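Naming follows writing order (A, B, C and D), and every chain is counted from residue 1.
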Amino acid sequence: MLIEKIKSEGLSHLSYLIIEGGYGAVVDPRRDCRIYMDMAYEKGAQIKYIFETHRNEDYVIGSVELSHMTGAQIYHGAELPFAYGNTASDGDVFEFGQVRLKVMKTPGHTFESISLVLYDKAFSPDPIGIFTGDALFIGDVGRTDFFPDRKEESAGLLYDSIFNKILPLGDQVLLYPGHGAGSVCGSGMADREFSTLGFEKRNNNSLQFKNKEEFVRFKTQEKHSLPPYFSRIEDYNLNGPPALEPLYPPKPMPADHFEEAMQKGMLVVDTRSPEAFAGAYIPGSLAIPLHMLPAYAGWFLPYDTDLGLIVESYQDLDTAQRYLARIGYDRVMGFLEKGLHEWAIRGKFYETIPAVHAGELQRRIRDKQDFTILDVRTREEFAKGHLPGAQHIYLGHMPESLNDIGSSRPVTTFCGSGQRAIIAASILKKNGFKDVEDCLGSVQACSRGVCELVRE
Amino acid sequence: MLIEKIKSEGLSHLSYLIIEGGYGAVVDPRRDCRIYMDMAYEKGAQIKYIFETHRNEDYVIGSVELSHMTGAQIYHGAELPFAYGNTASDGDVFEFGQVRLKVMKTPGHTFESISLVLYDKAFSPDPIGIFTGDALFIGDVGRTDFFPDRKEESAGLLYDSIFNKILPLGDQVLLYPGHGAGSVCGSGMADREFSTLGFEKRNNNSLQFKNKEEFVRFKTQEKHSLPPYFSRIEDYNLNGPPALEPLYPPKPMPADHFEEAMQKGMLVVDTRSPEAFAGAYIPGSLAIPLHMLPAYAGWFLPYDTDLGLIVESYQDLDTAQRYLARIGYDRVMGFLEKGLHEWAIRGKFYETIPAVHAGELQRRIRDKQDFTILDVRTREEFAKGHLPGAQHIYLGHMPESLNDIGSSRPVTTFCGSGQRAIIAASILKKNGFKDVEDCLGSVQACSRGVCELVRE
Amino acid sequence: MLIEKIKSEGLSHLSYLIIEGGYGAVVDPRRDCRIYMDMAYEKGAQIKYIFETHRNEDYVIGSVELSHMTGAQIYHGAELPFAYGNTASDGDVFEFGQVRLKVMKTPGHTFESISLVLYDKAFSPDPIGIFTGDALFIGDVGRTDFFPDRKEESAGLLYDSIFNKILPLGDQVLLYPGHGAGSVCGSGMADREFSTLGFEKRNNNSLQFKNKEEFVRFKTQEKHSLPPYFSRIEDYNLNGPPALEPLYPPKPMPADHFEEAMQKGMLVVDTRSPEAFAGAYIPGSLAIPLHMLPAYAGWFLPYDTDLGLIVESYQDLDTAQRYLARIGYDRVMGFLEKGLHEWAIRGKFYETIPAVHAGELQRRIRDKQDFTILDVRTREEFAKGHLPGAQHIYLGHMPESLNDIGSSRPVTTFCGSGQRAIIAASILKKNGFKDVEDCLGSVQACSRGVCELVRE
Amino acid sequence: MLIEKIKSEGLSHLSYLIIEGGYGAVVDPRRDCRIYMDMAYEKGAQIKYIFETHRNEDYVIGSVELSHMTGAQIYHGAELPFAYGNTASDGDVFEFGQVRLKVMKTPGHTFESISLVLYDKAFSPDPIGIFTGDALFIGDVGRTDFFPDRKEESAGLLYDSIFNKILPLGDQVLLYPGHGAGSVCGSGMADREFSTLGFEKRNNNSLQFKNKEEFVRFKTQEKHSLPPYFSRIEDYNLNGPPALEPLYPPKPMPADHFEEAMQKGMLVVDTRSPEAFAGAYIPGSLAIPLHMLPAYAGWFLPYDTDLGLIVESYQDLDTAQRYLARIGYDRVMGFLEKGLHEWAIRGKFYETIPAVHAGELQRRIRDKQDFTILDVRTREEFAKGHLPGAQHIYLGHMPESLNDIGSSRPVTTFCGSGQRAIIAASILKKNGFKDVEDCLGSVQACSRGVCELVRE
């Protein structure tokens, strides 16, 4: 019996392949789903079952294509009118080899959420593991804000699912959640991807409330970000997304073609490091460092526009294309062949964004210089400490908040480390702000004694 | 300027990717054509042109799918009514970067054959290379027997193409032919894949005839094999073959499923080594060692039947599937998971074919034992030397010649090394012959002094 | 916090790399230890600590070389005079990032055995995991027979270690043992490589005894195999083994060179499948199918002899070389280039071993034919059921038991599936037995109703 | 017969592996020489011969280590007192399979230079190829300036070698030189790595002189760069360099450790793109973009100093380490884990170098602003066209020419594309220049109409 965890970086999405006795099952496959088939086949196993713990919002599910590849049957909860697959009811049992998977309804995060309890038939009857989807994470529980008018109901359901169904399975049960640290589907998750129900019961902060009321109160007051791309994905995951394969790599484009395509509306996404973007970038391009694509592209990119990429190396192309495909962006036309270097030697115009050290910001604040510090972190991060006088706009909300930022004086973008700050800086530049800097290091540099923070 | 040679083993098919200045051209792409796109893109080049030197007979051309992947334009000769692509006329010039490719009509092998002469514009006007397709090989020239009623015309055209058009380009010209040693498209090719027109002019046996008459006489008397699958491929290559991608790997099948599928008509192709097949095989399966699939599968496999594979390792699966796809076989359903071992431990029946040393055959011949030596090499090989009393049937012709082989006495299959012999042995067994052995080593072992050969 | 399990197939040895906050620790590294460095460096982590849970007997430890590569410090228990590294005492704590590893003395399997208890400092004080070495496995406990005159003491110590130290850590603790199913270091291990203390407490058969006395009685009566190579490895692991790198691949050897080397004493190990060996093999060679090298090579190969390999593919070479190096065999000189095929076409002599179906054995037994069935499984396996009249000699004991086997009548080797049987058959042939067959399928085929077994 | 060309990028060094009939030969192996063994072994060939066409100056030869790996014999010319290997004399013949290699003395570039003429014994007696080392390149001939007091003699010898020995082999001969375009061992080489003697005879500019006198005059007037590291390599290549394996990857170093090591003398080489370096860099570090390491590291790096790397990705580390090892730098200690990002979030100080567009330089020149344009290209490039008023110092000579550059006014570095300019800019910053910019695009951007150039 083998459990392989397949992680989608950036989304912190965790999916699982369970293999036993020549057969396999997949829990919550991602869109580029060939990996499950390849891993299973290489171990001589046919994938027989695909389970969706719930209709996911933050990534495109790969069930339909994986089913087409392998002939596996898809199962999901009953409470949504899925356009594909079969319904799994509480208590349903699926077996292959020594594996027994038992369906347990665990609503709360969504109403059709299910968990899958794992038994080793050679060692029954104790359960050995549970796949909880977005019900219970390591260090956190699922969010319950997707149905704004049923928040209390959702939180209450989640409480019952966790305390009355999941935790009673026993301290010894291994926990296999649907997300790890870094996901938008929860905060406070541990930077550790292994745990047990027993460990969580005593150490997961969200499980330490005195009673259901306190739990519900806490959950209904939680604030989570709701990127605009969720609605597209909810539609995909209810009705079945378009097939990904055959997937051809983006075309290499010479500088002249790239420029022409931009003039015809192609949106340029520059996935290089903040330093490289700051050093030279194409006017009009949007900075989203490669590893931030999964989490931030959905805030800024329209679905009906061609995309052109700027990457640091050919190897990054495939990553960028997959990251975008996982959240439903399929219109990557090409990439700027040889990157900025090519652009520069063709004599084309480029711009720079000066990087400014946090210590220098501190000095300017003391000197009472006239400039804007634009802090684009979340409200929670901002609340924990920020530079004196900083203006706060969450990065994801910048597109609709540009008018709130004075463009007549210099703007320095600021965040946790300087990465979201470069995205913010590129948005400002794209929208006509002239005098923009980004603070590489940002609040983390401050925490090393470089500058002082204040709290509201 | 870069020329990459992409070789399809087994078919000895040579295709080429020429890259220069951000663009590329492909000559005679194979069906699994992603490799050209990948190589070009990784070097920052868009493929702009795809050339077919002629309508190939021995492998499925990848032009249409590669064009779909990359947007490249397809060009081929004018004398056939291709259902896709554009016509290239004598003297047409295609340029990218410093590359100049000039079309030269070189009929003979087929009537629409073209060659492509390569110039480096930075060093014009001497040509530096030529892509000759099946007109001129290294050590041989193309066959001219595809139009049985126009053999003399074909041979004469080929003579003119080579002597009046290709060779006059100059001794310094590098030769890039469509096949290397081992192809069914010629014999006598050198076991060396680099040459020049000057070297060929003086060393290629087929270019040493006194005059055109002698050349034509020789070519019209040549005998070549004509596998039945050529007609399917000619149709594909005229009208465009089905797309290969997305290509899913064959499914792992447990022994029980495999057996069931066999009972429903699945044909089993066992690609293991002759020793392994001889050691234990599934009754009814056909032995074709992996590297012989491209050359021999087309003689024996129907196109409208499901195929099941037996392989030595998971790595061989992809190779087997590609080898079959290159000659148009797309119905590979699955493979026997864990191979013969699995079959044996499930208690299922297997058989063996005793391997017999050539020295033992020699002894039996001397002892005048009553048995058949079935030599399945080509007529030319057989003529050069064979065991006394051996019966000759070319391997490819076995299916229709089984009645010529006496089944009442033991049969020992014999060939060059023992590989074709195992294919032959498996065909005999499949057709009810009881007492079959194969001679591992065969004529090559004899040539080490193990046994004596006679000539007719 | 990341835990990577690195498994050495065949030995079923489990080692671990723990990464956190830019640093790493390795538990029980194998000899080809670059993998730990590569994995750590790629994730930006320096390996700081290497722990040996005990002086291993069944594989060469890679601590010294890994320490040399990375600068990491080695720690092991105090009760043996190791020639390298440092002593770890009960209660010692090692920390990096959020990781806390606490040393817990858990003697029993050996006297210097330690376990390492893992804490996540962000979630103290509950332990989250434990690395138990050979104290506690998933489904079994460590063997206690290495000190024949102190067996009771050993078993008692192990009981105390498990029941009074390990299990009290709590049901929620993840279990990371030193071996998985298939190891010679225990039997009855689960075919599942994840578990928790809570699950083991209730489901591990070796933990279900009524009291310490029963546990000790059971352990002192257990029988385990003791391959002769253990003593070499114990010496290596006490004093530090020779460095493995730079490791050059075995040389390709033409058939003539290979034959010459054999004549000079090179021992040939044929790692092909049982079917392929049976189909044709070189007289004098020893069959050990590739995946069985780790478990069986140590029974038959001397350390002071050159070894020559026969492999199915070039890819298998590296695997074979590593498998041998992991148990201390460094004298792999070369491999037979192109394998048996090359041997056969050079006219050299080969032999075959007929495979015989279990059903045919059944028939012969019924017909009271005069032949020996040589069953080479373990005594336990034999006791559970065997063919009527079968002679039992454990495979590992064959070299010293050849005289017990009658060579005057046919011998059919028999085991669980036909794999150990081919090793046995090759040993018989090497030692002059003329009439030898092996039963592919063996007892597993019987269990499908093919033949009847008897119990003693 | 197979010839594989192994190219060392950056050095544009071309080495060759010839394989035939189970044996192989290598011409001019590079220091990281496992690739030759691996390629040969994988094709079943033992390397039997290693040839050095001459004592190379620009890269460390791998002969000794490759010989140690494989047992191959080393051969080189007679006129130098090599501390290893054997002497090859004019006319010596080496054969394996159908390959015949004949030694031809071709002095000129160095006095012990040899070429190797390749024959296919199946097609004798015409030669089919020649390995010319640094005697004849594609589009150029070898430099003859290494013995300053014997320049005329050298040039005369080279003329004789080429015109009286090499070219008479025939137009049809394939040319396999020791370097391709981009090497410091010649200029004017074609950007094409295949040619023949016939093509070169008519198209290689250096072969178009009227007579020997003109050839010698031209060659004695040529100017080539002579990097200081050549002397170290000449010593290595005469006496045998230290073995490279086992080669461990550079250690990941947290920012604090990296800073400490710098304070203790570690020299930091930043291999990121010019844009990234410009965007943020560590004060004191030297910029050498990755692909420029082979050509430029030898100008600036001392051999007796620890080196620390900054790379764009983990994949680049191995490349950087190899590039350095190929020219003898073995003291790469580690790399800055997570790169500049890590540096910045630790609050450590970084600097930036503004990139300036060529069009902006043009404007400043017109406005007669007071600043220095420092053009660091070669004298020949500078002579062909440069910005008005630009100061010329060749990049390699900057360390000893810093006093010639006024530090009181702004300096903008300038080169062909902006890459050498970033190296120059980093050297200026390292040496206390305050106001430094680099012109991304440089002269190539100008050539697109962005700015006007003047000639001297």
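Keep this in mind: contacts are C-beta pairs under 8 Å (C-beta built on N, C-alpha and C of every residue); 3 or more make two chains touch, one makes a residue touch a chain.
On a predicted model such as this, the values are computed, not experimentally measured, just so you know.
Remark: among chain pairs A-B and A-C, A-C carries the greater number of C-beta contacts. In terms of the distance between Cα centroids, chain A is separated most widely from B.
Mean C-alpha position of chain B lies 44 Å from that of chain C.
Look at where the CA atoms of chain A average out and do the same for chain B: the two points lie 49 Å apart. The mean-CA centres of chain A and chain C are about 42 angstrom from one another, to the nearest whole unit. Those residues of chain D lying in contact with chain C across their complex are 22, 37-38, 41-42, 44-46, 69-71, 243, 245-246, 248-249, 251-254, 314, 337-338. By the touch rule above, chain C contacts chain B in their complex via residues 272-280, 312-313, 315, 339-341, 344-347, 349-350, 352, 354-355, 357-359, 417-419, 440-442, 444-450. The touching residues of chain C, counted against chain A in their complex, run 1-3, 98, 120, 122-123, 126, 128-129, 139, 170-174, 190-199, 201-203.
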